[in-house]
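See below for the structure under consideration.
Letters A, B, C, D and E mark the chains as written, and numbering starts fresh at 1 in each.
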Amino acid sequence: MNELEFLTWTRGPGLDIAVGIFLLGVLWRLIEIYTLGRKKDLAAPRHAAGASGLHTVFRRSLPPPGMLKRSPVSYIGGYIFHIGLAIIVFLGAPHILLIQNLVGLSWPSLPSQFIGLTAVVTMAAMVVMLADRINKPVKRFLSTFEDWFTWAVTFLPVLTGWMATQHLLLPYTQMLALHILSAEILLVVLPFSKLFHGFTLFGSRWYNGRVNAHKGVPV
Amino acid sequence: MSLDSIPIHVVPPGEPGLTGNAPPLLRELLEMVRRLLETGEPSAIDLSALPLTPADLDWLRDKLGAGEISVTLQANGESTLNETACPGVWWVTHHNEQGAVTSQFIEVAFVPDLVKAHPQDVEIGSGYLELLVSDL
Amino acid sequence: MTTAQRVVVDPITRIEGHLRIEAETDASGKITHAYSAGTMVRGIEIILRGRDPRDAWAFAQRICGVCTLVHGIASVRSVEDALHRAIPSYSIPHNAELIRNLMIAAQYVHDHVMHFYHLHALDWVDVVSALKADPKATSTLAQSISGYSKSSPGYFADVQKRVKTFVEQGQLGIFANAYWGHPAYKLPPEANLMAVAHYLDALAWQRDVVKLHTIFGGKNPHPNFVVGGVPSAISVQPGAGQGGPHYRGGQDATALNVVGLETIQNVIRQMREFVDQVYVPDTLAIAGFYKDWAGRGEGLGNFLSFGDLPSKGFWDTDSYLIPRGVILNRDLSKIHPIDLDADSEIQEFVSHSWYKYSQGDAQGLHPFKGETELHYTGPKPPYEQLDVDKKYSWLKSPRWQGKSMEVGPLARVLMLYATGNAQAKELVGYTLKTLDVPVDALFSTLGRTAARTLESKILADAMQGWYDQLIANIKAGDIRTFNEQYWEPSTWPKHMQGVGLMEAPRGGLSHWIVIDDGKISNYQAVVPSTWNAGPRDAQGQPGAYEAALQDNHVMQDPKQPIEILRTIHSFDPCIACAVHVTDPDGEELVQVKIK
Amino acid sequence: MSASLEKGIHALKEVIDAPIASYFESCVHCGLCAEACLFHTETGDPKYTPIHKLEPLRRVYEQEYTLLGRLKKMVGLSKPVTDAELDQWQELVYDSCTLCGRCSLVCPVGNDIVYMVRKFREGMAVSGHVPDGIRSATKRTVELGGPMGLKWPAVANVLKHVEENTGLKVPVDQAGADYLVLLSSMEIVNYPEYIEALAKIFRKAGISFTLASDAYEATNAGIQIGSSDLAKVIVSRIVDAAEKLKVKNVLSPECGHAYMAIRWEGPNLVGRPFGFKVVHVLELLDELRQKGVLKMKDKLKDPLILHDPCQIVRRGGVLQAPEPLIQQVAENYIPIADKQKLNWCCGGGGGASAIHTEAAEALRAKAFRIKKRQIEEAGVDTMVTFCANCRITIEEGFDHYEMNTKLLGLTELLAEHLED
Amino acid sequence: MQGPLIDTLARRGVTRRTFLKYCATLASMMALPPTAGRAMAEAMAAARRPSVIWLPFQECTGCTESITRSHSPTIEGMIFDMISLDYQETLMAAAGHQAEEALHAAMQDNAGKYLLIVDGSIPLGQDGAYSCIGGRSNVDILKEAAQGAAAVIAVGSCASFGGIPKANPNPTGAVSVSDLVKDKPIVNIPGCPPIPVVMTGVLAHYLTFGSLPELDDKGRPKSFFGETIHDRCYRRPFYDQGKFAKTFDDEGARQGWCLFELGCKGPVTHNACATVKWNGGTSWPVESGHGCLGCSEPDFWDGGGFYKALSAPADPLKFAAAAAVVGAGAGVAVSVANRVKKSAAKATHETTTLADLEK
């Protein structure tokens, strides 16, 4: 298989399989998780301003008072890499085009130099996060193989995408193919790993918000 | 119907601007000029091989200025060899028969090689002269 | 003597592709039977299956790199026709049509000139003889036939010197081993020298005039096309009463800007100049020495033209510059209409072709139902001779109402002449008068070559009109070049079929496409050289090459089959040609078969 | 699998629901919950990371309710939960978790960790992996009526003293009263002043109240140990008494877990909404303050800070009442950074204060350093709170660190300074 | 037999200056150091015209046509002054037997020294019967001719990589030159067709230095194929700015915006179109509004569609939709199983007693 065939495979059957497994996984997992149901809370509710599931979904995107100071690396690094990923994935021209091809929606893109810079910053943040995971006793203690693996699976698409556009190490075609492949691996891994938090965190925050809002506590 | 009435107005797309690749060339030229003085060895910079934007080239041309000598060569299209304000530093541009720029150099030499007549060509010329003389 | 000879010519050089001619002669050297075999196949029709119809042109275009544009156009037209049949409102912008016309015509003029000077001329022009010419006399000759600027004695002396140096060096390269000195060469040395000079001139000229394709299509060979129009957006915007259009966009935007338009105007001027001052005069001058060739090489006498160069859209055949129709048995008084969709009209046979039809090889198939399944049954290479009673070619045998047809410049000029095109009538009349030959002379090897020259003139002149219209449209504010509606195959009906017709330089070309679910389910290209060079059909009717060679060809020296080359080249084969006596060892030239 | 482990797993299977599934799937091992847990912040030991305390529950969820987990279990990639493991986790689930819920507040993906710990305790309880202290407290509550084994005669005795000290009548089993007052054993034994304060305030406000001789104990060790069945037995006594006496309101004592038990868990334990309102004493006090009933004759001058008990404030939703009340009575109240829903636990909630092993006490002492720091940073000698359990734990902490800080109960403080 | 090139040139009236200029430009184009121009001029002046044999196989003659469009040097300039083109079917005067004779003579006279140029792929199916010349299969002819060659130049994507005949499903079993010839240096000059100056440039390099230029991992001269179209594209600034033409005739297309979304393969295509341009620097595909087809890359025909943007899926997702349904099904199945399990657990609930708390 030469590199163009490899690229074509990743853009064709590879993508199909990856998106397929991704959709399969997402639907299966979401149904599996959320149909477990829960009991109705029979206690008389107390209403309070700012306390609801939806409030929590949004509010939990900001660090609670005092936490930023306690864990600056987790928060700042986490912000940078999540926002960076979002910028790259949703505002990079080729990605918008992919999304447009898959779902028909499109919007303006950001300059590619900016995306390139964002990728560097994102990768730096991810490396810092990795170092933090190695250095911080709690994180190291909690980390399993899955944590290292998902880090790599998330890091590789950014790295390969950046290297492809910067023409580093391998010819663009090969790098692009590797980039797409790594993104496909990410898609495949996502529903079956902690990366699924991208989906469930909304449910989790909502549940947390609901449970506490019942008692009148905005969380 | 003619196109004479069509005014051409070229708007470059977001002028790439200066890359900062041009200033170091001046230092390189200085080295080359010194070498020319010391050893007599000519040298050249191939401008098309460098990542220079039109703005860079303009900057460079502007800095080097115009000198006293301009040579035009008609061979497979026009070539121009302009001495810059620094004697010994020549801006050489080759065009093809269609007038498109095919290559661009800065040469550092007392006289660029290209300008000098080659003995072999001179020999051919002498033959021609002989022919003219014999016809007198 | 009952000795018959079989002359096998393979490869035929100075053509496009791989062609083999096997001819049987009687004892006098006269060709009694000729067999034309295409010996190369790539299976592009097979490769096209299942692909995006919008991509098809690029594949189809690679059928030929000489008439590099025609398959691309035919292919995009086939898809557009399928869309038009399904959605009658579908059409392409007028500018796109004008640009396509300009590209097609430029291809004709370019191709015909190159064919004449670089592929065909050496059959008539003896390069070695040119060395003996007097440059001064050559100059006089040149000035007597044309006002072409390059006609000084010094100019011809220079060319002669250059060729002489070359010959003296002893490395003749592409001019080595030709039939120089063959008695069939009849031009005086001066005419030979003039032709050689123009051979070189034409090489330089053709390099420049292809720029028209480069501007519209990005490159030549193989310029780019697009279903629904042309890819080259016009980077000129009409001025709002400010004195004409303005250039738009950055860094030259697209090639089709004011500078590009000016280049195109120059190309048209150059083309008309060269055709008027060099090509037409040379053809007439050379033909004057070969009038005997007005009496042989006719072949079928049946001519087919699909017509081309529309002014009101591909689907308005009345607006075509070159009309559509069929001429049977030299009868110019009656033009037969062509029914594209009737199963019985256009068919391809494979009785003598290395293909297999699922319902048996005897019947013909309409291209919409056409099949392409490679089925080689010939001898295992290396071979010396093909079994012409069985299958012997990679070309199919297309037929119209069961009849063999000749396509190409002669068919077109006859069609123009028969339908009363004024310019054609005038040019044909002038030619016949100049050469002092009857109208019948058109049906010959010479007529075919002359027809090519004449239609070059007609098209070069027409180009100026299309160009002026394009400029007028731009000035009037119409700069549309592409119809983006129905661009996405997802918007297409589930099943469609269409035919892209055009007149290629070498004749009527048709691409037949069947589209299911936005993908190609069948693709059949019936190309000019299939009509002309195709083998015998089930009824044993020969193709145009075969018929033409069987018409009054006596070979002076079977080892030097220049007669075969002249007639075959007069068709301008598009199969890469080299007539060549089969000779695996390089010694035995002729195979003699005892009948 | 031992019989008790089986029961434990069975119980977990019953309690695992969609929120728990969602929470486990969302965890990214970021470790931020550790920063919210005083057992971690004060020891630095990563094993006290809240989410880690749920590892066995996670595995049960994964193995029982996810397809991948079932497969993993089948091929041995996911090890079954063992008795030994639960034994090991007992310390993490009881000794080092006060159900304070601060972790649930900081989790960036929104996991309600305390919700899960509470459910996990269901399995721990029935599989017998509970600390002796809580077990015996539960037993006493179920068998004798209160965690300290206090019986009505002893209570009546205390009430007599209260009546003597205040000269006010303390009604018992009086049907139709506005409030059925609940107490916690600790208040009865350690802080009878609280009852006196209540009596004074009720009289001042002109509200009728009563105690019930068969339901005076508000705390519910069943919840702390994690057994809903036992908790139901305990809470049913109150419900029955309230219904029998036809009171409109039931007044929860200051005690946080008591409030949690009767206000929030109660209806869910008995399986139906209550026909009466459950009111925390501070809510009542604040209402009286707003009505102008709660006028002070003077104010406490000492600079002081407030300790917000988790179960009342963060977990109970009584967010707004405490601060205005303390300001009503204290002239130099100093608000601290981590107050209200952000408060730090005293270290004795969730039943932890009932665990009297050496290790647990040492751990509690360590955890208490956060309170100590808060007091020192504020530079005060006085701290006010409103939960009997907190008070005991904090006083233990003061003793341990030999601090001279005064600890006051809010209700008593208000009563003390109440205009006559 | 042959004179030094400079003599020939002089006789033709080419001055030393013209020649120097040509060499300087060529050196610049081939990314050689600026001083190489002079060295090339000196070497070329002394060079002798090498014999060149051009064999056509499964081809369309586009490559030959392309080289006739070469502007510098011109085809006639090459034929007359630089090389001895001893076999070229499309251009040669001789045909048939005489043509073959010329071929054999050139092969014998220049054994071990001639340059073999091949255009077209070589079919291996049906013992090579899919393409025969003079009754001989292409593979036979190639093997014979390659034997005595100094080097082989595979011109065009067909000869270099198999090209269109090799496109799926490769009906004739077409292969590239390098698939068959293993013991000779091979230069691949892909492109459909290749840019003329690339072909002539490689010949000039060979003439000058007597060696082949530096090649990349696909056997292509690095000097021409070292960078992608995208890197040198004049529309690149628009890509970087995120400005894309959405159709062939919208405002963006007229302004010369990037064609990436219209399927341009410039980013994955190594060739010199963007710098050298076509037909005497007139234009090139992207400048004329059509995206790059990627024609100088192996198997570009099967690269997933010419109008599909590189980042867009090459094929419609078929499996994905089915997979989604399967996923939903699996989810529902697990969900049902979970509910059954949980209800069963609840149904068998045994009320906890104090005794249960004991271990």
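Assume contacts are C-beta pairs under 8 Å (C-beta built on N, C-alpha and C of every residue); 3 or more make two chains touch, one makes a residue touch a chain.
Source: prediction; values computed, not measured.
Following the contact convention of this document, E is the list of chains adjacent to both chain B and chain D. Innermost chain of the displayed assembly, by C-alpha centre distance to the whole-protein C-alpha centre, is E. Greatest Cα centroid separation from chain E: this falls to D. Placing every chain at the mean of its C-alpha atoms, the farthest one from chain B is found to be D. Looking at contacts between chains, the pair that accounts for the most C-beta pairs is C-E. With centres taken as mean Cα positions, chain D sits 37 Å from chain A. With centres set at the average Cα position, the gap from chain C to chain E is 27 Å. Our note on geometry: chain A versus chain B, Cα centroid distance of 55 Å, whole angstroms. Note on chain placement: the centre of chain C and the centre of chain D lie 96 Å apart, centres being C-alpha means. The multi-chain contact residues of chain B, meaning those touching 2 or more other chains, are 13-14. Shown for chain D are the residues that touch two or more other chains, namely 16, 65-67. For chain E, the set of residues that touch two or more other chains comprises 71, 237, 241, 255-256, 280, 282, 330, 334, 338, 342.
The touching residues of chain A, counted against chain E in their complex, run 2, 4-5, 7-8, 11-13, 15-17, 19-32, 35-37, 93-95, 97-98, 100-102, 108-113, 167, 171-173, 176.
Residues 8-18, 20, 39-44, 46-47, 52, 54-55, 58-59, 62-66, 68, 93, 114, 118-119, 122, 127, 161-162, 165-166, 169-171, 173-179, 200, 203-204, 206-208, 210-211, 213-226, 228-235, 237, 248-256, 260, 263, 374, 376, 378, 380-385, 394, 479-482, 484, 487, 559-561, 565, 576-584, 586, 589 of chain C touch chain E in their complex. Across the complex, chain E meets chain A through its residues 228, 230-231, 239-242, 244, 260-261, 267-268, 270, 294, 297-300, 302-304, 308-315, 317-324, 326-328, 330-332, 334-335, 338-339, 342. Those residues of chain D lying in contact with chain A across their complex are 16-23, 25-32, 34-36, 40, 44, 46-47, 49, 51-52, 65-68, 104-112, 115, 263-268, 271-274, 277-278, 314-317, 319, 337-338, 341-342.
Remark: chain B residues 13-14, 16, 43-46, 48-49, 73, 75-76, 79, 94, 96-98, 100, 102-105, 107, 113-114, 117-118, 120-121, 124 touch chain E in the complex.
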